[in-house]
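Structure record follows, encoded as C-alpha cells.
Lettered A, B, C, D, E and F in written order, each chain numbered from 1.
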C-alpha cells in the first residue's frame, strides 16, 4: 500500500512541478517567476524524499536538507537583487 | 624510499609548496622576502630538473605511482627524457622570467609570485602526468594561473585580451571534458599506457567513438598550441601580458604540442590499429596554414611584442608540421627546435619589455622616437635574439632549422615543409631587420630617453641569451638527448614503463 | 531512458553553445554554465546510467561506476572556479572597456559610460 | 511493517502531496501576484511537512531507531518559508506588480513601498 | 701547426679592439692587426704544402645529428682566399685607422671587421657542408653590421637591410642545396662531396640542387637580377666597401662557384644559367657604371660587372676558363680594393664623392691620383697591369664555346662590348676626377691624405704592376694551386705570359680600348640618351615592395583577426564539430539499444530540463529571468544526479549551483541588465543556431552510444579496494581523496588560484553602479530587511553544524570536505546577504587568502606525510581506534586531506564574494521616490 | 549596532543545547556522537559569537510552547481555508492590503510575529513602516478589515508580548 501511495504522491508532486513550470513560463512578472522556482525547489525536496522512501534508502536525506537550505538562500538572493540590485552591499 | 625515488613528483610539489608559502605569513605582503624566496625556489627547481634528467639518463624512465596505487588504477607520473627536457626548459624559462619580474613588474599587482609558482606547477604537472584526466586538471591549473597572471598590471588592453583568452579556453575546457568522457566511455580507463593498450583492441563498432574523442582532443591541444583556426587569441594575449608573463607563456603553446605528441603520437600512434596516426591528416594542412598565418601576422605587426607573438605562431606552425610528418628523426629535430624557439620567444618578450620601458611614449611600436640612451646593450641583445629566431648562425636557431630540414629530406611532404620554413625564415629576417633598425637606430631629434634598465631585467635576458650559444656549442649532447626522447616516444618505452 | 538522457544532453549543449555565440560576456558565461551542466551529465553518462545503485558500499546491492562520478565532481569544482573567474572578468571588462560586447564592433550600449581604465594596484 | 504505520504514512503522504499540488494549483489559478504568494507559502510548506512526517515514520520503523532528521528539514522550512514570502512580497512591491484590490489597497501599496505609515485620505497617485 | 688556429685567432681577435679602444686609434689598430697577422703567417707557413698539392684537413665532432663537424681544410683555393682575406684585411685595418675619425666607435668597427674576417675565413676553409653554410651566413650577418655601421643614417639602414634580405634569402637557398647534396652523397664532408660529382650530376635532383646553390652564389655575388643590393651597400664606411665589396664578401659567391665547380659544373644547364647570368651581369653592371655620378656607385657597378665576368668564366665549362676566373678573382680583388681606398681618400679629403663636382684633383693629390689611375687602368684591362692578363684569358675563353649553337658568336662579341664599357667607365673615373677642370663647390679643400693612409693603396697598386709584368713569377704557383683545387683534377697546360703574340683576344682588347675611349669621348650624347629613362632606384622599389607586402598583410590580418571573440569562438566550435563529427559518420547506432524504459519521474524531469534550457535561451536578453531559468536547470540536474544513484554529485552540483547563481547575480548588477538583441543579424542567428544544433546532435549521439554500450572499465578495482585499501565505504569519496587524490589536490589548487586571480581582477576596479533598476525604478530604501537578518543569524550555527555533519561522514556516506566547505561558505554568504559587507568585515577578521594557503598546505602536508613512512606522495593511512566512552572510531589521513579541501573551499569562495562586495561600499545616490 | 562578544564557554546555552540535539538527530544517540556533538554544540556558538547579536530571551517558555502549538494548528486550519479559496470560484475573492498597528518591538519578536502572519490563514506580511510601528499585510480575502486586524493582534501579538515581556 505504501508503495502505491508513494507512487500516487509522486504523481501529484510531478503535476505540481508541471503547474509551477507553467507559472515560470508565463510569469508575468519576475517575482512571479521567483515564486515558481522557489516552489519548485520545495517540490524537489518532496520528490527526493519520496524517492528515498521508494528505494528505502536514507542516502537522499542530505539532498533534501541542502535543497531546503540553499533554495532559501537562492530565493532571498533573487529578491535582494530585485530590491537593491547589489545583493551583498 | 630515498628522495631520489620521489624525484618525478618534485617538479610539481616544489612550486606548489612555494606558492602556498608565498600566500601565507610571514612571506605574504613582504615583496623583498617574496622575491628572494621565489628566486630560490626557481633555482631549486632548475637543480631538480637537471637532477631528474641525469637520473633518467642513468636509471631510465621514472614512474611515480601517486598514493601507491599502481597504474592503471591510480594516477602515475611518467618522467621520460622528453618530459625531463620540457621541465628543464620550463625551469630555465621560469627562472629568467622571474628574475626579470623581480626588477619591479611583480609589484604592479598582487600575488604575482604565488601565481607564477602555480603556473609552473601546472606546466610541470602537464608534462609529467601519465593520466588523461589528471592532464585535464593540470591544464586547468596552468590555465587559471595564466588567466590571473595575464591581467597582472591591469589596464584596458590586458582586460580586452584576457577576455578573449579566458573565454576561448573555457570553451576549450568544456570540449576537453566531452573528449575525456567519450574516451573513458569507450576505453574504460584513463591511464595513457592502458588507453594505448586498449585502443588497439577496440571493437570495430566503437572505433568511431574513440576517434571522435581523440580528435576532439586535437582541437583542445590545437587551441593551446595556437593551431589555425584557433590561433587568434595568441597575438593580443601575448603582446598584452607583462613581459615576464609573456616570456613564461612562451612555453604554453608548447604544452599543446607536447600533448599532441603524447596523445596522438603515442595513444593513437603507430600501434593503435585502425586509429593509427589519425590526427596527422588534419594536422598537416592546418599546421601549414598556421605557419602562413604567422607569416602574415609577422608582416602585419606594428609593435615588437605583436611581432614576437606572431613569431610564436610561426614556430608553432613549424613544430606542428614536424609533428604531422611524424617520424622519429623529425620529432627529435622538432624537440630541439621547440626548446630553442621557446627560449628565444621568451627572450624577445623580455627584450620587448625593456625596449618599451626605454622608448617612452613610443613604447615598442615601430615608429620614430627619441633616441634610446644606451642602445648598445639592448640592441645587441635584440640582435642576438633576432639572429636566433631567424635561424642564422652562430646561435641555436640554425641548428633547429637545419635539423628539421635534414630530418624531412626523404619525406613526401618535404617540398612544402622546406619551402614553408625557408620562406618563413626570410620573412622573419626582413621584418626583424626592419624592426631592429627602426627601434634602435631611427630616431628623432637629439633628445635622449633617460630611463635605465634595472640589473635584474638584464640578468633575466642574459640567462636566456646565454642559452643560444650554449645550445650550439653543446649541440651534440643536446641533440643526443632529443634523439633519445624521440626514440622513447616511438619505441613505446615510455608506455611500457607507464603501464607497470 | 538513455535516449531521453542523451537528447537532454544534446539539447543543453545546443542551448549553451547558442548562448555562447551571442556576443556578450554575460550570455557567454551563461552559455558556459549551461554547457558545463551538459558536460557534467555527459561525463556522468559515460559510465552508464543506473537506478538505485549508489557507489556506497553496504547501501545497495549493486553499484554505479564510481569513477565518472569522481571525475564529474572534480569537473564541477574546476568549472565553478573557472565560472567565478569568468564572471568577475566580465565585470572587469565592463569597468575597463565600458561595455560587455565581445563581437569586436563599436559599443552601442546606452547605459555604458566611458570610464577611466583601471590599473591594478596593490 | 504494521498496517497502521502504513496507513498513517500513506495518509500523510497523500495529504502532503495533495497540499503541494494545491499550492501549485493556487499558483496557477490565483489572479495576481500577492494572492499567488499565499498558495506556496502555506500549502506547499504544510505539504512538505506532512511528507517529511511520513518519511520519519517509515525510516524510524525501518531502522528501528528513533530518527528525527526529517524534523530538521521541517523546522527549517517553517522558519524560512515566511521569510521568503516576505522578501518576495517586498520585491513585488518594489517591482510595482499589478495588485488587485480596492482604492484603499492601492493607496496602502504606495505607502508601503515608501515604508511610510498609512494615511487615511485617498491619494491621487495611480499605480501601474 | 693547427689549422683551427687560422680562423680561431681572428675569432678571439673580435674582442681585442673592444678592449683596446680606449688606448687610442693607433694602439687599437695595431692590437687589432696582431692576431690576423699571426693567422696570415700561419697561412703562409702552409704555402709549401699547398703548392705541393697537399690538402691539410682537421676535424672535431660537434653535432652529429646534423652531420655538423668542426672541420677545416686548406687547399689551393682556400689558401688563395685566405691570403686575400687576411692580406687585404690587414691593409684595410691600417687604412681604416685614418679613415675613421676620433669620434667614431673605432673599437666596434674593428670588432665587426674582424668578425667578418673570421666568417670569411670560415667559409673558405670549411670542409663540412653545414659548417660552410654556418660561416656563409655569418658573413651576411657581420656585413649587415658593417654596412649599417652608421645606423642613424637612413641610407645605411635601408642598404644594410636590403643586403641582408637578399643575401639571407640566398643563404636559405644554399642551405637547402647543401642539405640535398649531403643527403645525396651520404656525407657532409666536402672532400667526399667533391669526389662525388657524378652522383650529383646524374641525380634527378640535380637541377634543384643547382638552382639552390646558384641562388646562394648569385645573391652573394650580386649577379643579375640580384645585383641591386650592392650599390646600396655603399652606404657603409669606405674601408668596408674596400674589403667586402672587392675582395671578400662578394667573392664568397664566386668562391662557391669555384668550390662546387667539380660537382656541379660541366653540364648544359650549368652553362646556360651561369654563362647567361654572368654575361648579363657583366653588361648591365658595366653599362650602369658609366652613368653613376657617385664615385663609389661607379665602383660598385663595376664590381658587379667584374663579378659577372668571373661568373661567366665559370659558366663556360672549360678548364682554362675556370683558371681565368680564379686569376681574375685575384686581380679584381687587388685593383678594386685599391680603387675603393682611393675613392675613400678622395671622399675623405673632399667631403663628397660626386664626380660632377669633383674635378682636377691631379693638382691637389698627385700621388693618390697616380695610384688611382694605375688601378683604374688595370680595371680597364690595359697591358702591363694584372687586369689585362685575366681579361685576355677571358676573351680567349669566350671564343672556345659552342653550347649556344649558331648563336655562340654572341658571347665573345658581348664580352668585347663589356670590355669597351669597362674602358669607358675607367676613363671616366680617371678623367672626371683628376682632370676636367677645377673642382666645383666641394666642402673641403682637397690635399694628400696622411702618409700611412696611402700605404695600403701603394702596396695594392704595386701588386697590380708586379703581377701585370711578371705574372708567372708572382702568382704562378698560387694560381696553379688554386686552380687545381677548383678543377679537382690535374691542370691543363697554360701560359701566364704578358705577350702571346697578335691573336684574336688581343684584337678584342684593342677594339675594347678604342671603342671605350670613343664612347667616353661622346659621353654627353650617351648621357642625354640615358637621361630619357627614369632612373629606377632599387632601394625605393625594394622598399615599396616590402611595404606593399606588409600593408596587404596588415589588411588581411585585420580582416581575419578582427577582434571579435564571437568569431573566434565560432571557429573553435566549428573546428571541434568537424573533428568530432566526421568520425561519427561511420558510427552504426543500430547495435546500440536502450536498456531501461523511462518512468514518469524521469520523463517529467527531462521535460522540465529541456523546458528550462530552452527558456534560458529565449530569455537570455532579459538576464535576471534567464538566470532564474538557469538556476532551475541546475536544481533539476542535481535531482537527476540523485535519481541516477549519485548522491555526492547531487549535493555538490546543488551547492555549487547556488554559489554560482549568487555570483552571477552580484555581477549582473554591474553589467547591462539586458542584452541588446537588435545587434544580431537574423542570418547570424540562423548560422549560430545551426552550429549549436549540430554540435548538440554530435554530443547527444555520442552520449547515446556511450550510454547503451557495455563498458569494461577499471572501476571494479575501486569498488573492491575502497574499504580495504582506502578505509571508506563511499567509493566516490575514496576515489577523490585517495585513489585519485592528486586530482583533488589539483582541483583545490585551481580553486585557490581562481580566488587569487579574482582578487587581482577586483583590485582597483571602479564600476558603474546603476542608480535605478532596469525599468527605471529607484531601488528599495531598506538595505537589509530586518527579518532576513534575524533569521539568517539564527540559521548560521545550524548551517555550520550541518556542514560539520556532511564533512565528517564524507568518507563513508555522501558528503565530504568540498560539499561541507561550500555549505559553510553559503551559510556565510547568507550573512553577507543579510547584513552587508561592512557589517561582516567588522566582525570577521579572518584573512581569506591565508585560509586558502592553510587549506592547501594541509592538503599538501597530508600527502607529504607518507614520505615519512617510505611511501609515495599521497599514500593514505587509516586505522580504527576505540576510546572508553566514545567507542570505536576511524581515523584516516584522508580526513586531514579533506580538511585541507574544506578550508580551501571556504577561503576561496569567501575571498571572492567578500571582495566583490567591497566594490559597492561607495554609497549610491538615493533617488527620490 | 552593538557588537556582542562573549567569552563565556557557553555564550548561548539554549543554542548549544539545540545544536547538540540536532547533532544527535542527524547522527544517532550513541555515546561517541554525544561527545562529538557536545564539542560542536559548544564550539560552533563560540565560533559564530562575533556574528550574533544580543537577542531577547523568551521569558515565559511555557507560553512560547503554547504559542507554537497554536500556530501549528492555525497552519493546518489556514490550509483548509486556502483549499477552499483556491479551488473555489476565484471571482469571489476580495484580496487587498490591511495595516496592522504594532505594539510589539524588538527584532526577534517582530520577526516571529510577521512569520506567523505569513504562515497563518489568509495573510502574508509585506512591509513594515520605517519606524516599525505599522505592518502592511496582504490578505487573500477581506470581509471585515477591522475584525481581521483585531484578530491578528489578539491571537498572535498578545502572546508574543507576553513571551518576550514587552
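Note that in this section contacts are C-beta pairs under 8 Å (C-beta built on N, C-alpha and C of every residue); 3 or more make two chains touch, one makes a residue touch a chain.
A quick note: this is a predicted structure, and the numbers were derived from the prediction, not measured.
Undergrad: By that same contact rule, can you tell me which chains touch chain E and chain F alike?
TA: Shared contacts of chain E and chain F: D.
Undergrad: Could you work out how many touching-chain steps separate chain D from chain F at minimum?
TA: The distance in steps between these two chains is 1.
Undergrad: Please work out which of B-C and B-E is bridged by more C-beta pairs in contact, and write that pair.
TA: B-E
Undergrad: If you average the C-alpha positions per chain, which one ends up nearest the average over all of them?
TA: B
Undergrad: Return the chain whose centre of C-alpha atoms lies at maximal distance from the corresponding centre of chain E.
TA: F
Undergrad: Centre to centre, by mean C-alpha position, how many angstrom separate chain C and chain D?
TA: So the centre of chain C lies 32 Å away from the centre of chain D.
Undergrad: Report the inter-chain centroid distance for chain B and chain F in whole angstrom, where each centroid is the mean of the CA atoms.
TA: Going by mean C-alpha positions, chain B sits 62 Å from chain F.
Undergrad: So, what's the distance in Å between the C-alpha centres of chain C and chain A?
TA: Centre-to-centre distance between chain A and chain C: 22 Å.
Undergrad: What positions in chain C touch 2 or more of the other chains?
TA: Only 20, 25, 28, 42, 45-47, 52, 54, 56, 59-60, 67, 74, 78-79, 81-82, 85, 89-90, 92, 102, 118-122 qualify.
Undergrad: By the touch rule stated above, which residues of chain A touch at least two different other chains?
TA: Each of 10, 17, 30, 34, 59, 65, 69, 76, 78, 80, 82-83 in chain A touches at least two other chains.
Undergrad: Find every residue in chain D that makes contact with two or more other chains and list them.
TA: Answer for chain D, listing residues that touch two or more other chains: 25, 37, 45, 67, 69, 72, 76, 79-80, 83, 86-87, 90, 94-95, 113, 115.
Undergrad: Based on the touch definition given at the start, go ahead and assign the chain network to line, ring, star, complete or other.
TA: Graph shape, chains as nodes and touching pairs as edges: none of the named types, so other.
Undergrad: If I apply the definition of touch given earlier, which pairs of chains qualify?
TA: In this structure, the chains touch in these pairs: A-C, A-D, A-E, B-C, B-E, C-E, D-E, D-F, E-F.
Undergrad: Within their complex, state which residues of chain A touch chain E.
TA: On the chain A side, the touching residues are 10-11, 14, 17-18, 21, 24-25, 27, 30, 33-34, 37, 40-41, 44, 47-48, 51, 59-60, 62-63, 65-67, 69-71, 73-74, 76-78, 80-89.
Undergrad: List the residues on chain F that touch chain E in their complex, please.
TA: 1, 3, 15, 19, 22-23, 26-27, 30-32, 35-36, 40-41, 44-45, 47-48, 50-53, 55, 107-108, 110-111, 114-115, 128, 130, 132
Undergrad: Where on chain B is chain E touching in the complex?
TA: 1, 6, 9, 13, 16-17, 19-21, 23-25, 28, 64-69, 72-75, 109-111, 114-115, 118, 121, 125, 133-134, 137-138, 140-141, 144-145, 147-148, 151-152, 154, 163-164, 167-168, 171-172, 175, 178-179, 181-182, 184-186, 188-190, 194, 205-209, 211-213, 215-216, 218-219, 222-223, 229-230, 232-233, 235-236, 282, 293, 295-300, 302, 332-333, 336, 387, 390, 392-394, 398-399, 401-403, 405-406, 409-410, 418, 422, 425-426, 429-431, 433-434, 437, 440-443, 472, 475-476, 479-480, 482-483
Undergrad: State the interface residues of chain D toward chain A in the complex, per the touch definition above.
TA: 1, 6-7, 9-10, 13-14, 16-18, 20-21, 23-25, 27-28, 33, 36-37, 40, 44-45, 47-48, 51-52, 54-55, 58-59, 62-63, 67, 69-70, 72-73, 76-77, 80, 83-84, 87-88, 90-92, 94-95, 97
Undergrad: Touching chain C in the complex: which residues of chain E?
TA: It is residues 562-567, 569-570, 573, 594-599, 602-603, 606, 609-610, 613-614, 616-617, 620, 623, 626-627, 630, 633-634, 637, 640-641, 643-649, 652-653, 656, 659-660, 663-664, 666-668, 670-673, 675-676, 679-680, 688-689, 691-693, 695-697, 699-704, 706-708, 711, 713-715, 718-719, 722-723, 729-732, 735-736, 739-740, 743-744, 747-748, 750-751, 753-755, 757-758, 760-768, 770, 812-814, 818, 908, 912, 916 of chain E that touch chain C.
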